[in-house]
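Okay, so chain A shows up in both of these, paired with chain B first and chain C after.
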Partner chain A sequence: MDALQLWISTALTLCILSFLWKDNPLYKLAEHLFVGISAGYYIALAWQETIRPNLVEEVARGNWIRLGAAILGVLMFTRFVPKISWLSRWPLAFVVGMYAGINVIAFASGDLILQLQSTMVDVVHDGWTAVSNVILVIGLATSLIYFYFSKEQKGALGVVSRIGIFFLMISFGASFGYTVMSRMSLAIGRTRELMVSPATTGILLLAVAVFLFVWGRRQRSTGEGA
Partner chain B sequence: MKRAVPWLLTFVAGALMINDFFVPHRTHAAITQELQQWGLIVVAFTYVLGMANVFDLHFKKIRRGSSEALYSIVLVGSMLGMAALGIFHDHQGEHSPFIWLYNTVYDPLSATMFALLAFFITSAAYRAFRARSTEAVLLLSAAILVMLGQVPVGAAIWGPDSFLGGFPGLKDWIMDVPNLAGKRAILMGAALGAISTGIRVILGLERAHLGGGK
Partner chain C sequence: MTARRSWRERLEFIDRRWLFLILAFAIVLPLVVDLPLPLYVSPMVQDLYDAIEDLPDGSTVLISADYDPSGKPELEPFHLALIHQLAEKKVKMVMYSLWPAATPITEAVLAEAGLTTDYGYRKDVDYVLLGYKEGQQIAMRSIQKSLKGTFPVDRDGTPSNEIPLLQHYDTYTDFAMLINVSAGSPGVKEYVQNVQSITGVPMVAACTAVSGPDYVPYYKAGQLLGLAAGMKGAAEYEKLVGRPGLAMAGMSAQSASHILLIAFIVFGNVMYFLARRSGGAR
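Up next is the complex of A and B:
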């Protein structure tokens, strides 16, 4: 990482972290920069990874049929012309239909069948593993019953469904814990980056603090912060 | 033309993709592969459409000279700059300006944005989580055990060599058994939902993506 890179990335990190105090111009600036850079990045990728190799180079090679995709793509822009904006539904209809078809098969074979297959586990042998497997099967069955809304969940069904809720709650809690820890590890990573050059961080932190102090005072004097 | 063609396009594209799974014919496979390439290209065009929309929205703000105009200039400038660098220059080379900007601006900004969520998740959890019912106790306990199992201090309190594998062992068990059961149920429910929605879309029973209506 060169010096300029270090200064810029440290400054941007501090601008984002300044939101912990409150929403302020430095945060907004970094936020808008982030949106702009991300959008530009994905547009460039769309060109380099998809449009150029799959359309431009293919047409240049004589694969004229690909022009059909280009025409569909261009039709997207007819939404800017009110008179013919209905044409923009054509590419949308094509893409939605295509991905609906792909997903029907992908979800059926990749998720539904595969998950069912993976739940066909040994519940007899292997001591502790068998106990865990029994709990897994009971958990899956009861959780699925919780999602069964065609019958009122009371009586025996209600009890089973309540056990399903317990499993779902553990699942939500575990996901929450995992998410918190992954965010924490990102925060630690950023802090380590800031510690690469304490002098740079110190100077920029001071500059950010001075800016926020001056801006805060100005806000108070004009009554905008109220 | 306005309603029949989009429905027909949806139906033909969807039916061909489903058919592809059941018809192992070379010509059929070639057609679906070609159509999938078309789909990728059309989706790539939507990025450009998105860019045009963002540009339109922020250009109006800049022209009005509103107090937020500076931010709009930064957004539009960085978007156009980054896109131009990626399109007209090398987008993979280690020393290309595109990758330099990615490493210097995009990477730290996205990491810090997500890191910022750590503080908000924690403060929201502190305010919202109350062990008032059995369900809430289970949720809280699972969260705390998973967090303790992830960090070195958890292993220091109750290490992996102790009974049940300590906090790390307990965390692994929670993740692999009760968590997996709940996750699987959600995944299977979502798959069933996606399959039925997909079929409804292909059959034209669901037309929200075409602006709704009959």
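Up next is the complex of A and C:
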């Protein structure tokens, strides 16, 4: 069973990586398999983890109020019937309102107040920490001013705003660097999986290469790839 | 007949598949040939390690593992080292997940760490695996009301009310610490916003590198006691725990690929400026 699993995972990884050469049927096959299996998996999961325990079993126990949620859920499907599609706005309104309420409180307590508090720092004492704190305060103030659109950013405001852009660029650079690191980690992870059995990878790599070669030649001869 | 291209033009229009091939070599070679490179521990990871080390022996922590197979290369090494550090301190663990694919990964991590076989942990007495719960932030809020209410049964179907370890633990604040191993949403951000900032429960986290910059402000503000970002964070943590694993082994490949990408960026810019100087900027 483990061997079969290894062959399947290696084959699918190589099919996906074959996209680096060019778009081809092997890549499409792996992509469609992924989409189909994911959809099936999440439908089964929704039934197993959400609908059955929270609706079917609860209603069976006599918790009828859960039927209200079920009705709202069914109303979402009215989008497919143009005449009564307006009914789908009710469950949407419920979801939007609920998440807005939850997120407003969460954002205010987690991001706004505590993050503001953490920028109120000592910029005088404590040696190098104070220097770091000064940079933090300047970066925060100038970046905020960059997003102040009620006055044309010319003169002194323009200079401050330009300094803000520098801080934002440094932040974007750091984010990009971390993103590259993350993508490289994924590549390393897949490479490591491919190296579990070099023989399996070698055979499948050869098979993929032969397929791409034959397919490429056939495409050229029929002029499809032009 | 087409004119021969100069070397500069040939480099400028190099087929990107050559770059992919070079990158593949930069990743594979360090994995095959051992390239020991120095690894420094950042303050964020040191603080994470210290926060766990400062937990009283025998205390109980809540672990939310929220990642799937795509996040494994970055997060599984941390997860494994975390279980080792906690087990060595005899810390009891209550584990669950808000990501559907994370529970099987957690089971594999527990087996690989030898939680029951090597450390002698007993199921439902020293550790509990509650499984997956749908609902994202709603589930997080629900746990604050009642963990046992949110998870009426554990992964194996045992009623939560009958689990000995859960007799005295039912909300976040009952636990000594909340540990989140997260690959995205719901994860660190949602836990900080919905749980930590409201309940004040001590929290540490590990995340993928791509989310690292978003969560550093939480560490700077003291909302997170420590943070390990990406494979590098996991490697630093493995070093502190004293269990070199897949993250440390992957760091030389990581470094080699980064050096190559920097070289590509420099190369691309040099070619751009050369083209501009000769009046052919594109």
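In this section, the second predicted complex is superposed on the first by the 225 of 226 C-alpha atoms of A that agree within 3 Å, B and C clash if a C-alpha of one lies under 4 Å from a C-alpha of the other, contacts with A are read in each partner's own complex, and residues count from 1 in each chain.
In this text, a contact is a pair of C-beta atoms (placed from the backbone, for glycine too) under 8 Å apart; a residue touches a chain by one contact, two chains touch by 3 or more.
Here the structure is a predicted model, which means the values were calculated and not measured.
**Student:** By residue count, which of the two partners contacts chain A more extensively, chain B or chain C?
**Tutor:** B
**Student:** Using the touch definition from the top, say if A:Ala187 reaches chain B (first), chain C (second), both or neither.
**Tutor:** It touches chain B and chain C both.
**Student:** Looking at A:Leu45 after the superposition, I want to know if it touches chain B, chain C, both of them or none. Which is it: first, second, both, neither?
**Tutor:** both
**Student:** If we overlay the two complexes on their shared chain A, which of chain B and chain C does A:Trp21 touch? Say first, second, both or neither.
**Tutor:** second
**Student:** Applying the touch criterion given at the start, work out whether A:Ile102 contacts chain B, chain C, both or neither, answering first, second, both or neither.
**Tutor:** It touches chain B and chain C both.
**Student:** One more residue to check, A:Met195. First (chain B), second (chain C), both or neither?
**Tutor:** The answer is second: A:Met195 touches chain C but not chain B.
**Student:** A:Ala70 in the overlay: touching chain B, chain C, both, or neither? Say first, second, both or neither.
**Tutor:** First partner only.
**Student:** Both chain B and chain C touch chain A; at which residues?
**Tutor:** In the superposed arrangement, which is not itself an observed complex, chain A uses residues 20, 41-42, 45-46, 50, 99, 102-103, 107, 109, 111, 115, 118, 171, 174-175, 178-181, 183-184, 186-187, 189-190 for both chain B and chain C.
**Student:** Touching chain B in the complex: which residues of chain A?
**Tutor:** Those residues of chain A that touch chain B are 1, 4-5, 8-9, 12-13, 16-17, 19-20, 28-48, 50-51, 54-55, 65-66, 68-70, 72-74, 76-77, 79-80, 86, 89-105, 107-109, 111-112, 115-116, 118-119, 132, 135-140, 143-144, 146-147, 164-181, 183-184, 186-187, 189-190, 193.
**Student:** Help me check something: in the complex, which residues belonging to chain C touch chain A?
**Tutor:** Against chain A, chain C makes touches at 17, 20, 23-24, 27-28, 31-32, 70, 72-74, 100, 132-134, 137-138, 141, 152, 189-190, 192-194, 196-198, 208-210, 212-213, 217, 220-223, 229-232, 246, 250, 253-254, 257-258, 261.
**Student:** Of all residues in chain B, which touch chain A in the complex?
**Tutor:** 2, 5-7, 9-18, 20-21, 34-52, 54, 70-72, 74-87, 91, 98, 100-119, 121-122, 125, 134-136, 138-147, 150-151, 173-192, 194-195, 197-199, 201-202, 209-211
**Student:** Which bits of chain A are touching chain C when the two form their complex?
**Tutor:** Against chain C, chain A makes touches at 20-21, 41-42, 45-46, 49-50, 53, 99, 102-103, 106-107, 109-111, 114-115, 117-118, 171, 174-175, 178-192, 195.
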